[in-house]
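Structures given as structure tokens follow.
Each of the two complexes below includes chain A, the first together with chain B, the second together with chain C.
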Partner chain A sequence: MQYFRLLRCVLAVCLLCVGLVAPAWADFYVVVQSAHPQKSLTQQEAVALFMGRSRQFANGELAIVFDLAREAPGRAAFYLALTGMTPAQVNSYWARLMFAGQSMPPQALPDEQAMTNLVKRNPNAIGWLSKEPADKGLRTLLVLKETAP
Partner chain B sequence: MGEFCSWARVSVRGAWAAALVAMSAGASAQTLLNADGSLSVSGFGTVGATHVDAPAGWGFRRESNQAGKTAGWTADVDSRAGVQLNYAPDPRFEWVTQLMAVPRARFTPDNELLRWAFAALRPTPQLQFRLGRLSSDLMLMSTYRNVGFAYATVRPPVEVYGLVPSVVDGADVAQVWPTEQGRWRAALMLGQARAGQYDAGGPLRLRDMGWATLSYETPGLTVRTAWCSGRFSNNPQDAQPAIDSLNRVAALPVPQVASEAATLADALTTSGRHLGYFTLSVRHEAGLWQVQGEGMRVTGLPQGRLYGGYLQVGRRLDEVTVFSQVSQVKGTAALALQPQWQAALSPLIGAPAAAQAQQLASATATGLAAAGADQRTFSVGAAWAIDPKLMLKAQWDRVHATARGAAYWSPRGTQGVQANVLSLSADFVW
Partner chain C sequence: MTPVGVAPGRGLGARVMLLVLTGTALFTLLAGLVAWWLGYQHAVEQNRHTLASLAQAVEKTVATGVYARDNVLLGELLDGLAGNPGVARVLVRTMQGEVLLRRGNGGSKAPLLRQPVLSPFGMHEPLAQLELLPDEPSIAAEARAEALRLTALMGGVAALLALTLYAVTASLVSNPIIRLARALQQLVPGTPLRLPVSAWNQHDEVGQLVHSTNALLDAHAQALLRERALRAEVEALEAQYRRVFDASSAGIFVLDREGRLVHGNPNVFTVLGRSEQAVRTQGRFVDTVFAEPAMALELIDASRQRGQVVFADLALAAAPGGEGPRWVHCVMSAPAGDGQTVEGVLFDITKRKSSELAARYQAEHDSLTALKNRAASHAMIDRLVQESINDDQPFALLLIDLDGFKQINDQHGHLVGDQVLTTCAQAMLGVVRRGSDLVGRLGGDEFVVALRGVGSDHPLLDAVASALLAAIGRPVMVEGVGEVWVGASIGIAVGPRHGRTRGELVQRADRALYEVKASGKNAYVMAC
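Showing the complex of A and B:
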């Protein structure tokens, strides 16, 4: 009996250790203004918007996509979760479009506060955040789970 | 013209230096120049070294508007640097200007430094009009073929991209239809372009060009077909004296000689020829694998009807992509005349003039025979994304062109060629 109790304690400690060293998987939130008519977004639709294949929401309204700066924490993980592409692959993809004169990457904002402020003000804007938006002026259309690199 | 070549080389060095400074300063792609983000500047470049192991007198090149490079190491085949300015004061309007410095051939027009300069109007999110100097999406990589960072190989396959027109002046309209899985895109373009051998005959002008492309794109799949038609409005500059002389011989009352002279003159003449291009392209990315292939059919060239294509398979291993590629082009007609005019013409125009005519006929026939297209290349290589903005590449090409199929080489011999081309490059964006 004591043996089983000891085993349970060891297992509990092991699980605790695993919990401590395991990566904390983050979520990413694709957001629009809270008054926006669109209620949700599929991952495919989000890929089309953030990768320049589409310039419109489901209702046909113009979508203006905003990104966080290249150096922003979580940006590489966001694109990996969204598209499965590494930062170099994302840049290579955009190089094909922008230097062909077809499409430009989303305009980059300096930080998440700037993203929150801009999306709240602009009814056509769509962006992403690494924390669930607490601001009532924003609506989350899609939650992305971080994936292993 | 030599001074211009030197100037272009200096421009390339300057652009590399600017790019390296920008990269080392931490500048990211698409640097914003004003507060509202409507004006941005970005750039790309390649520092390349190519070793050509070919018989003496054969010059390797990646496009027909380059001067070929003979044996040894050279930086001129793949090195280039570009800078692009985008001004978009409104989501519905954009102005794009791109300048690119590249080692140039003798007859390269000065204004080819300007790659794109166009205004784009998007009245709806799905509809776009453009006017100015445009990128032409005739083939999968033709719009970004100078941006090495955008693909894994050192250069697009020479057999398929070597003759694609470099710049197009005109207007186009494109419409997109989103679907559940991806999107359809159709584009129509009208304008004029330039193509041809810039190191020898100067650019050939293509007038009355019409262009249509239809593509279907999903995140992992791109399928595209394109059709293009145009009319050459001039002859190669260096061929004009020969054409004139052959036409004079064709007017002589010696039927056999006149007929052969007319055939030779016609083979050298491009003015009035109607160019036709048809292409089919597929790219598929599935997990770590990527497969890409294109086929083309070209009509109206002096080399006859051309059929070309390539197949490329790549696999990603973390940040390294290894690839293998096979490409081939074959023309249906390489002129095979062996004119013997001297004896027939001597009584009519005298021995010295007949000897000159014979010399012209032999040289023209020999040159035309070698100027056909019959070439294939096997390539293997790797691209390492060492940084999100920098890619290092290595590629080995085994090239084989037959005696009647060396149109892609300049200068070229008459016996065919088997060559090894080793290429190293650093491709970056900023």
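Showing the complex of A and C:
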């Protein structure tokens, strides 16, 4: 018994250490205004919106996509989870489209607070957060599991 | 030996050039065809590869453009592709078959190049297809240019190679051989001149050829010299022998197997007393020349069989216009192992033979009457006696004694007596048969006659005896003296009836003669 108690202690310490050293596997949340008619979103639809293929929601409403700043923590992980591409690949993708001058990447916001505020106010806005939104004014349409880089 | 010229255009140099040129042309043609084909294939393949690479290179961007439905981006991309000279037409087709965008519209039979465009996000989800139609004429032109370059290169290389080959062959092989052939043609056999060899060919096969030829020429020249010396020697020897042959006092001749004359020295014709022309044209030598050809042939056969030198004295046939019988000593030799020819040597021995014959004649004949003398008569009688015994053939022996000869001799002298004896002798010869019978003088006025084949009862015996009496009894006309007469007493004996020896027979005949003398002379009496 005593042996078991010791093992449990060691395990707990280990877990604590891991939690302190490496950031825990986090999920990403694609969010819209809570008043938005759309209830959910497939990953494919999310990719189409975030990568400039589509500009409207399922009901035909205009969709304005917002991104976080390039240096924002978790952005690389978000795009990896969403498209399977590294930030460099994503940049390259946008560079090709921008080269033709037709498409533009989503507008970038400085931080998740700004994202929360903007999406809460704009009925056409769609954005993403690295934490589950605590604000009642937001609705999560898609949860992306973080994948290994 | 006539020098064999080099036919125009058939020389080594010309032929090497022709062969090299022909070979090169053929090779170039073949290689050119292959090069053309390969070049064409390569160009087509290259173009296709280029287009595929191009398509692959723009695939990501096209995917982006298609995914983002960015026709401007796509348009620029397609413009870029269509600007490629090898591209006739380029278009993007969705998976549903809808053409999103198209550039160029050239019709071409070349196979379409399809590059699938995958979604940039969905892992292997096909989004659309990029279709490139190669521009056939431009590809063909490109391929032709490439093939032409390749063929020209091949041709150039082949021509260079041929030139090099020709130059090397000419300098190493054909030119030295041509020079060699010319030098050899101008070379006179037997001269000390030799073929030159360049330093370049000193140690190769051409050099070897020159050295071997020179060695051969040396050997040939030496052989020639030796042969000349030998020939001169032989000629000198032959001249010597010919002089001996020609000048020899003996007649030398060579006969063939049939006894015809093959060769004779001048003297043989002198000895024979005939011209060469006559000897050669008148049939067989042996038949023409010798009095008894059979003996000559016998001699030849003997020489052939024994393989030895044989000789004999042979009488020559009477030559036209020649005087008296002629004799030769003939030496025959058949060369051993030949069996074809016979060599003969003739010595004229007529003189010796005639003196021999004269001596014999003198020994056997009475010098006054030319009748057989006593010894010869005895010998003849002996022969007849022997014959009469052996062959049982009788013969008659008549002893004759002249009557009244002593008185004539005493009265008129020896000369008249001799004349009487000579006349009686001639008369007796006129009575008997010349070939077979004997008339001999035994001495003084005694004579003997022998009749071959005549027995005691032979009618010829009486006839001859009577004729002898008559012939002897004819008067003899002596100049300055007038006519003189002698008679004859004849005693006859017949062999073998009256005796089987000469002595016996002579004795019987003598006795009969004595009877005649006693009973009155001038008669004949047969022994009883």
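Basically, the second predicted complex is superposed on the first by the 126 of 149 C-alpha atoms of A that agree within 3 Å, B and C clash if a C-alpha of one lies under 4 Å from a C-alpha of the other, contacts with A are read in each partner's own complex, and residues count from 1 in each chain.
Keep in mind that, in the parts below, contacts are C-beta pairs under 8 Å (C-beta built on N, C-alpha and C of every residue); 3 or more make two chains touch, one makes a residue touch a chain.
Worth saying up front: this structure is predicted, and the values here are computed from it rather than measured.
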Aligned on chain A, chain B and chain C: do they clash or fit?
clash
Looking at A:Gly52, would you say it contacts chain B, chain C, both, or neither? Reply first, second, both or neither.
second
With both complexes superposed on chain A, which partner does A:Phe99 reach: first (chain B), second (chain C), both or neither?
both
Applying the document's definition of touch, where does A:Asn91 land relative to chain B and chain C: first, second, both, or neither?
first
So, A:Arg70: does it touch chain B (first), chain C (second), both, or neither?
first
Does the superposition put A:Leu62 against chain B (first), chain C (second), both, or neither?
first
Pick one for A:Gln107: touches chain B only (first), chain C only (second), both, or neither.
first
Residues of chain A touched by chain B versus by chain C: which partner has the larger set?
B
Among 8-16, 80-88, 170-178 or 296-304, chain B clashes with chain C only at 296-304
Residue overlap on chain A between the chain B contact set and the chain C contact set?
44, 47, 51, 53, 83, 93, 96, 99-102
Hey, which residues of chain B end up touching chain A in the complex?
28-30, 32, 37, 40, 42, 44, 82, 84, 86, 88, 91, 94, 96, 98, 116, 118, 120, 122, 125-126, 130, 134-135, 137, 143-144, 146-147, 149-151, 176, 178, 180-183, 217, 219, 319, 385, 387-389, 391, 429
Going by the contact rule at the top, pick out the chain C residues touching chain A in the complex.
60-61, 64-65, 67-73, 76, 120-123
Within their complex, chain A touches chain B through residues 44, 47-48, 51, 53-56, 60, 62-64, 69-71, 83, 86-96, 98-102, 104-105, 107-108, 124
In the complex with chain C, residue positions of chain A that touch it
44, 47, 51-53, 83-85, 93, 96-97, 99-103
